[in-house]
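Going by the order they are written in, the chains are A, B, C and D; count residues from 1 in each one.
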Amino acid sequence: MTSTRKLAKEKMMVVEGSYAVAHAVKVCRPNVISAYPITPQTHIVEDLSQFMADGEIPNCEYINVESEFSALSALVGASAAGARTYSATTSQGLELMHEVLFNVSGMRLPIVMTVANRAVSAPINIWNDQQDSISQRDTGWIQMHAEDPQEAADMVAQSFRIAEDRDVLLPVMPCMDAFVLSHVYEPMVLLEQDLVDEYLPPFEPEFVLDPKNPRTFGAFADPSTYTEFRYLQAKAMDKALEKVEEAANEFNEVFGRYYGGLIDEYEEEDAEIVIVAMGSIIGTVKDVIDKLRSKGEKVGLLKVRSFRPFPIEAVRKALKDARVIVVLDKNISMGLNEGALCTEIKACLYNTDIDAPVIGFMIGHGGRDVPPSTINHIIDQARDVMSSGITVESQFTDVREELI
Amino acid sequence: MKILPGGVCEPRSTMVNKTGGWRTYRPVFDYNKCIKCKLCELLCPDMSVLPRDDGFFEIDYDFCKGCGICANECPKDAIEMVLEEK
Amino acid sequence: MKEIRIHGRGGQGSVTAAELLAVAAFADGRFSQAFPAFGVERRGAPVQAFTRIGDEPIRLRSQVYEPDYVIVQDATLLEVVDVAGGIKDEGIILINTEFSPDKLELDTKAKIMTVDATKVALDIIGRPIVNTVLLGAFAGATGEVRPESIENAVKKRFPGKVGEKNAEAIQKAYEIIMEAKP
Amino acid sequence: MRNLLASGHRGCAGCCNAMAAKFTLMAAGEDCIVVSPTGCLEVMTTPYPESSWGVPWIHSLFENAAAVASGVEAALKAMGKAEKTKVLVIGGDGATIDIGIRSISGAFERGHDITYVCVDNEAYMNTGVQRSGGTPFDASTTTSPAGKVSFGNQRPKKNMPAIIVAHGSPYVATASLAYPKDMIRKIRAAIDTKGPTYVHVHSPCTTGWGFDTSKTVEVARLAVETAMWPMYEIENGRVIKVHKIKEQKPVEDYLKMQRRFKHLFTMEGGDEEIKKIQHIADTNVEEFGLIK
């Protein structure tokens, strides 16, 4: 199934992406929101605090913490006490949370935290890339990437559903590209309270901090049990694979919008060149593909929606007939000198019958714009690979040679 | 044992861990001297001084680690630390 | 799809103008997208904002390089910013100035139109707020949006007397441009 | 009263942390939620799957206990359970005075209704007696050892209660394990005071300080009697009560019981150092009017 949207124009209004996300949080009925300002996530938490100031979020406390470290730490306590919890952050803020991220997933607390993906210092840069969340890939959070602001908002409700599922109980990081999605105004449907109530059951955890049943959270595990804790966490991630799909499908049933589950495919079935990408670049790539298709070129798109858990089987299935696989990454693993998505794609094709060449392009670092011409240029190189094989496995795109 | 999500533990479950084996000296009450002041019970870091129905106390040797705080602090020297015979 | 670039200075409401234009176009039954040039500019510095208007949902998320229309909120920007940069030959540059187009030296094949939005704003609103006023002129100059939709968007955004005054100024700027049109 | 801290914990014989936690829970009662940062108390009471705690308890990280507590408090408030259930932190000096100070500062500034109990044994005992911001002048630790050219830790103890007072806390007190009833009363007063409150408990550690396991209370008492540890209560910034000393004992009485100060009695120039420590005690006497 490919992404579908019932365009209910009478329900749509032009709002900022951050506002749509904040509204989605509101109708998910959170109990505790914590926030520390950091550009460009601020609009989300500002809108939420305005909702609080206007009395629009009942049974909710909003904590203005003194750091991102405490933003997430406060939610550890709140979530363990049985609250539905939300925060949003980006870049340096997310990196400051690094230790807490592990703690949250290890304690199996279903916190949802939007990440407005931004580059990481140094040099300091407030613009979009995905280095921040990609660098947190091993912290045990479910990590999903939205292609547009409507999906970023809808993903909040889906995230709570996935996170709080008793077979999962893992935190979720719905990611949206900074500025490109967080600061854009466009027609969107604001999630309807009645439909969200139908879609998202109340948070009723099995274990809570409760004097009537005084349990201990966060115990110390020695080598005799630590392995099993890690194993169970990994199993929960496996379980999340089907729950991500389920959350997307049921969202479609209730709201009439679908963006893919673990992945989405666009003009992919007979594609010789398949572009693999995540986030806001998807829309631009789709426009480019439409133009190329109209000229009869077999180019398609595999959108990776769930980066963690990584949808190995779905990716293999989607790529089985590709002749060249082109991976776009708004991040880089220094020393390997390729993007994380590229590495993952290659890894999941190994030990299979698929032997299509995989080439990686690192794009859009620190807000460098990715116009259609850049995508076209990348596809030109993919055509060369199809005819004469790989020369460069992974490379930067649009490097300004005159500065080097 | 089955690991619960997040490693939640049941309350007061260290009671299965009998720390009495750590002891070198054991406290022994001299009830003739004891004035039932309860200080030993209050100060015991191992919660192993237990009240009896008659108002006196007894040592829970399952848990007493033999630190000797009770004997050291007893205002009437009613507790003697005696070398454990193993 | 049409692409619009708005030039202004920090604090002049360029982003708001881009947003209101998107709201108005959507009210007209079209699809739209508005976004700022994401920067760290402070009050007074030259800034840009963009709007896209089309008949299909807009997926493109890159910046605007070859706009169909350019709106310039402040003629002093002509000295410091290449407001005509990348504009299509058949495009329109709408500039807030008291001067007529032939008095402006701009190296472009695009059509230049001018309106003294500052005067309109001072006369009607009483303050030199031109971002909304220029949208009325834009409606007249391009026909991409209905002036009523601009007025409604502005009245919804600024309820009460402020919105009413703005709407009046928008209508006035629209009329000025319509009269000036050949 | 049923002990809300169970036997079977892995604390050392004579453990100050166990005593401090026991007294704190005696003050708090059953209807509370306790947050503990990483440290001896956490490790010794919760080796999975066991727990000594008879009240709901949570550990997250070393440096975030106050933030976690503020989240628990906010959740209780949001869900309408805040009025009765009290939220406490019981944490060591490292977690409080050093690594956790940012999250404490934030939580106290925000005014959460929590009570923070610092169990101060004046070094990082959980990792093997390294110096902390709570380590007193001239104490020898594994990272501030006495040596041929050093008398040990060369900085005075950080004044954490004053820092908390500066946050506008409505109730700040210092207490000692040697005065359990006083300590319990103060913690109860802290809990009963709305807003973020703080009790700093001087807690001698048999292992880290080097004294016999039976002497935990005795050493604690000597700290008070020598005026090395002044006990006071501060309400809304004003000292309302001070624990008076009948007859101030010389600091040698306190120092000579502990291995961490042994070098002061064996090294040349040690007597001069002891005079400096006596000066610290005398300053406490003067500042708080400790002598009757």
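Brief remarks on what is shown
Please note the rule applied: a residue touches a chain if its C-beta (ideal position, glycine included) is under 8 Å from a C-beta of that chain, and two chains touch if they have at least 3 such contacts.
All of these numbers come straight from a predicted model, not from anything done at the bench.
Between B-D and A-C, more contacting C-beta pairs join the chains of B-D.
If you average the Cα atoms of chain B and of chain D, the two centres end up 23 Å apart.
If you average the CA atoms of chain C and of chain D, the two centres end up 64 Å from each other.
Each chain gets a centre from the mean of its Cα atoms; for chain A and chain C, those two points are 35 Å apart. Between the Cα centres of chain A and chain B there is a gap of 54 Å. Along chain A, residues 107, 214-219, 221, 225 each make contact with two or more other chains. Among all residues of chain B, those that touch two or more other chains are 3, 7, 9-11. Looking at chain D, residues 46-51, 53-55 sit in touch with two or more other chains. Taken as a contact graph, the chains fit none of the simple arrangements: neither line, ring, star nor complete graph. All chain pairs that touch, listed by label, are A-B, A-C, A-D, B-D.
Taken together, the chain A residues at the contact with chain C in this complex read 5, 7, 9, 12-14, 16, 40, 126-127, 148, 178-181, 183-187, 280-284, 286-287, 367, 369-372.
Within the complex formed with chain B, the residues of chain D that make contact are 3, 5-16, 18-19, 22, 45-55, 180, 206, 212-218.
The touching residues of chain A, counted against chain B in their complex, run 106-109, 169, 206-207, 214-219, 221, 225, 228-229, 232, 236.
Of all the residues in chain A, the ones that touch chain D in their complex are 31-32, 34, 59-61, 63-67, 69-70, 73-83, 85, 99-100, 103, 107, 209-211, 213-222, 225. Here chain B touches chain D in the complex through residues 1, 3, 7, 9-19, 22-23, 42-43, 45-48, 60, 62-63, 65-69, 71-73, 81, going by the rule given at the top.
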